[in-house]
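Please find the structures below.
In the two complexes below, subunit A is the common chain; its partner is subunit B in one and subunit C in the other.
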Partner chain A sequence: MNEVLLSIRNLNATYNADSNRSIHAIRDLNIDVLRGEVLALVGESGSGKSTMGLSILRLIESPHEIKGNITFNGVDEQVSVFDLDPYKIREFRWKKVAMVFQSAMNILNPVMRVEAQFIDTFEAHGIIDDYDKRINHYLELAGLGKKVRRLYPHELSGGMKQRVNIALALSCEPELLIADEPTTALDVVVQREVLYELRRLKEELNLTIIFITHDLGVASSIADRIAVFYAGRIVEINKKDEITNNPMHPYSKLLLSTAITLKTDKDSVLTQLEGTPPDLSVEIKGCSFYPRCPVRENACKSFTPNDQAKGEWVECIKPGAMNLKEVDNPRGERR
Partner chain B sequence: MTVEAVDTNTYELNDDRSIVVIDKATVIFKSGHVRNYALDSVSLKIRRGEAVGIVGESGSGKTTLGLAVLKILRLNAGRIFFDGMDISRLRSKKLALFRSKTQMIFQDPYSSLNPYNTIFESVATPVFSNISRLESELQRKVTKREIRSMVSETLEKVGLSPGSAFLDVYPRKLSGGQRQRVAVARALIMHPKLVVADEPTSMLDVSITAQVANLLKSLQKEMDFSLMYISHELSTSRYISNRIAVMCLGRVVELGTSEDITKSPMHPYTDILIRSMPEVSSSGINDSIAKIDFNAYNGGIKGCVFAHSCPRKTEICTSEKPLLQEMGNDHEVACFHPIIA
Partner chain C sequence: MITRRYLMVRSAYAVATTFVAIIINFLLPRIIPGNPAVTILLTNFHYLPPGKVKLLEQEFGLTNSSMLYQFERYLVELFHGNLGISYYYYPETVSQVIGTHLPWTLFLLGTSISLSSVLGVITGRMLGFRAGSKTESATSTIFIGLTSLPFFWFAIILILLFAVEVPLFPVGGVFYILDTPGLNFKYISSIAYHAALPILTIVATTFPAFALTMRNTMANQNKEDYILMAKAKGLPERIISKKYAGRNAVLPVATHIILAFGYIVAGAFFVEVVFSYKGIGYVLYEAVTTKDYPLIDGIFLMITVTVIIANFLADLLYAVLDPRVELR
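Up next is the complex of A and B:
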């Protein structure tokens, strides 16, 4: 369990929107993904979690830039993702690392039958035999019947499409699966089924899963470890139970307490997280959460941590210092 | 098409406590020769000053119900009363008055505000459309300066302060949460009696959801309008609404106080919905609860709409249509075998 499958060091991703504005979506990110775990990346939109997923597959292309080092310790070989030549990267994608994309509805080719999409994938990745057996096998793995093979995407429901996507992602036997908000467009009941399916597949195929989501509830129902993203960095990473029961970073704490659940007191006023995330096109000095943090102090401005790769990590000068009761209404604003 | 009687002995159409009375509303969308029952004989009352949550999965007809109540969609059968008036009969002046008393907040604050209009122009639109009525009520001209101060007051009410600073700003300068506040201000500036909010938080980030939920709840108390809160999300609905109606394939299958619905659901569908919700600090998913696929169905089903995947299904469920039945404490359920704790 503790073997490192993927290690990311000093990852920087920059989107060059136009000549005078570039957005630093990921800033000096370090993380180790362990073999056989489900790691959830949680954060608000624009926090860099999807960019990390795309970087692993090297799907960010010019004029945008990625820098840093990503090492993948596969079963048979160790590869450095950013050094692969164009031919090798094709082999690396899908065979080592596959991705389930966010928009389940639009990923499948609308004019191809489901089975043709599988054959397409097989041909692109050099698998030339046993198409029939393979297709049936992966559809069954994802909880679909054989009759789906002859259907077109428009004949499938949202949940079924997402299962086809999962089956396609698994069809070249990857070691790592990146699931980017795979359930966001789905209804709750279907969402739960897809989550259950992913969890089951992980056990069955000994997969490692990076699960990207903005929903803390979803993250805590599937993950072993949770990494909380804020402004292009991981501000806290720990085991699921630690993050959900005892968050140490003020941001994780606020994020958890703002989430509305069925147990929220109906007569209470919800804790609010004031302000907006920082503009990533300007350089951020010190703690990125400083302007919104209820327990900030002057020392936070010059805080420069760089030790994220550890399994447990809080990027805060005084972790756990914040007491929610004191900051119920941090700026005394009108509700 | 046959429309069955819905609990006729207690169902009064002219009810002073209710702002909206929906009586067997049916909306059918035709595609080719397929008839999709988006609303299948729905009856529901919304009381004055009350927040009702409409919960259901995609395709359950919750948005259709909201649009029908606002007279944006025409009913194929049934009637809807607003303040005692049948809305299908409203014309000209009365219709204009109805439009100013009912407002909608849309899902996506990025597309519901015109990017070429300043915040003042967007929020003042309802005022300008009702200017002649306003002037005849006040018996004098209303100046632009007055409207500007009216808009900036409303903006402050929704938490955009100082309001005057936002008047001449374009929407692109605002964040998602701020835009949704502007949309709320636009809905509230004419002091409506009914606001329909269609998934106002689903496009927003978690932290901003809390802001909008707080805002809607406090304004609803303060300005005393009725709120129809449409959402697929049970926990936010529960927080905002007094009562919740659970919809499934065009029918209301359960109706009750939000506490009752979430703590002791009686309809098997509501039960599955609640058990499927991902909760923070859950112990993880180790089992499968239910496989539901509504896509194969178009509504207008003879029996119960949930019979195809219901764990409690018996013969009667496929042959007879269950009607909403009072189970005590304002809790109504349309099921032959309700879960009784």
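Up next is the complex of A and C:
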């Protein structure tokens, strides 16, 4: 359980929008993903969660840049993702690490039947027999009937498409599954089904899952550990219960307090996060959350995060210092 | 998906369009000033024998008959499959004239457009996949230049270079007059030899347009989510370019190509005239200059019907290529 499956060191991802503007979506990120866990990446849009997912598959292509080191300790071999040659990376993708993408609507090729999109994947990875059996098996795993095989993507509902994506992602038996907001486009009923399905498949197939979401409620229902992203870095990472019950970073705390759950009692404070995330095209000195932090002090400006990668950590000068009740939040509402 | 109802409505439209086209075809040559009887006499006798003009006009039914009466006769004969007698090729009938020259045009244009669409789609796919690179921008610029060249000018330049200065190819014609038509190697190679420059002209001036359309739709494919997905799935670049990006990008280009095939019977007018290639385009040129009404009518009618059918087929084929299209 504690074996490290994927370790990311000093990951930097830069999107070069044009010659004079580049956005540093990920800044010196370090993290270990443990075999068999569900790790949820939580954060606002643009905080770098999806970029981390794409980086693992090396899908960030020129003119954009990725630097750093990603090591994947597969069952049979250890590979350094950024050193793979074009042929090896093609083999690595899907066979070792597969991904369920966010935009379920356009992720399937509109002019190919569902089964054909399985078959080309099999062919690309040297699986040459039992196509029928395999396709039926994975469709069934994802909770779909055999009839779906012969359909075109536009004949499927949103939930069905997402299930096809899950089935496709599992079809080459990857060790790591990256689920990038797989439930965002779905209604709550289907959302629950998909989450349940993922959790079940994880147990059944002994998968490791990186689950990317901006919804803390969804994250806490599926994850073992939660990593909170802010401005291209993980500001806090801990076991699910620790994060949800006792967040240490002011940002995690505020993020949690913006969510309503069925357990939210009428006395709890619902807040709105003031301000906007920092501009990632300029260099950030000190704590990135400083401008928005309710408990900031001068020392925060010169705070340099230490490069932790293992276990649990908080990137804050005085973790746990903030008490929500004390926060003077003019927009805060009492329920 | 194509419903039976769609087929019926669409066919009805096609028939209606054809009828309107027949009316216009009938009227157009009659609006052109001039007198065919005079033209025929002048070509045959180089002067106007007294009384002959009236005689010929009567023979062709051009006198003492109103436009409406002429149109009625035209329709009746048309439905009997009779397109009339050519003035210029007298006494050959229009159907016979078309019958002798159409195969050449079909051969010339069929070969050229097939070559140019295959070439266009393939080069366009390569350009689109590498959109933004230096080789790509250079090639695209050359292609824009090529599409802007007029057919006939390009044809004249080719004749000058490869038939006059360096006599590799014949200046014109369809085959050597001395060859005996038939399935012998000499005859067939003679046809290919004569068709080389005209085919080159048409291919070189049409395929860049297909390629550029394909390039543009292909370049936009890189932004599509299913392309990212295909990369993530670890598919080889060849498959992504062909089955994912190419297959989707070809949809708008396909319409373009089928419509081009619709003009296959019209012939490449200028190319045929410049190369004296006796196809339909060349015959049409003769018919117009000699005011051969029946022949003009016949050729125009054939072109119209083929274009209407090609449009119809383009719609149907699009529904076959793109499963999302529903024709109701």
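In this text, the second predicted complex is superposed on the first by the 317 of 335 C-alpha atoms of A that agree within 3 Å, B and C clash if a C-alpha of one lies under 4 Å from a C-alpha of the other, contacts with A are read in each partner's own complex, and residues count from 1 in each chain.
Keep this in mind: contacts are C-beta pairs under 8 Å (C-beta built on N, C-alpha and C of every residue); 3 or more make two chains touch, one makes a residue touch a chain.
None of the values given here were measured: they were computed from a predicted structure.
Undergrad: Have a look at subunit B and subunit C on subunit A after the superposition and call it: clash or fit.
TA: Verdict on subunit A: subunit B and subunit C fit.
Undergrad: Name the contact category of A:Lys285: first (subunit B only), second (subunit C only), both, or neither.
TA: neither
Undergrad: Is A:Leu255 in contact with subunit B, with subunit C, with both, or with neither (first, second, both, neither)?
TA: Touch status of A:Leu255: first partner only.
Undergrad: Once the shared chain is lined up, is A:His137 touching subunit B (first), subunit C (second), both, or neither of them?
TA: neither
Undergrad: Determine, for the superposed model, which of the two partners subunit B and subunit C contacts more residues of subunit A.
TA: Counting contacted residues of subunit A, the larger count belongs to B.
Undergrad: Thinking of the overlay built on chain A, is A:Lys67 touched by subunit B (first), by subunit C (second), by both, or by neither?
TA: Neither partner.
Undergrad: Would you check which partner chain A:Leu216 touches, where first means subunit B only, second means subunit C only, and both and neither mean what they say?
TA: first
Undergrad: Quick one: is A:Arg150 in contact with subunit B, with subunit C, with both, or with neither? Answer first, second, both or neither.
TA: A:Arg150: touches no partner chain.
Undergrad: Is A:Val111 touching anything from subunit B or subunit C once the two structures are fitted on A? First, second, both or neither.
TA: In the superposition, A:Val111 touches subunit C alone.
Undergrad: If you take every C-alpha pair with one atom in subunit B and one in subunit C, what is the shortest distance in Å after superposing?
TA: 7
Undergrad: By the touch definition above, which subunit A residues appear in both interfaces, subunit B in one complex and subunit C in the other?
TA: Correct list for subunit A: none, the interfaces share no residue.
Undergrad: Given the complex with subunit B, which residues does subunit A contribute to the contact?
TA: Answer in residue numbers: 44-45, 157-160, 187-193, 195-196, 199, 214-218, 220-222, 240-241, 244-245, 254-256, 258-262, 264, 266, 269-273, 276, 333-335.
Undergrad: Quick one: in the complex, what on subunit C touches subunit A?
TA: 224-226, 228-236, 239, 243-244, 247-248, 251, 321-324
Undergrad: Once bound in the complex, which stretches of subunit A touch subunit C?
TA: Interface residues on the subunit A side: 57, 59, 89-95, 98-99, 101, 103, 105-112, 120-121, 124-125, 152, 154, 168.
Undergrad: Under the stated contact criterion, what part of subunit B meets subunit A in this complex?
TA: 57-58, 159, 161, 175, 177, 205-211, 213-215, 218, 232, 234-236, 238-239, 258-259, 262, 272-274, 276-282, 284-295
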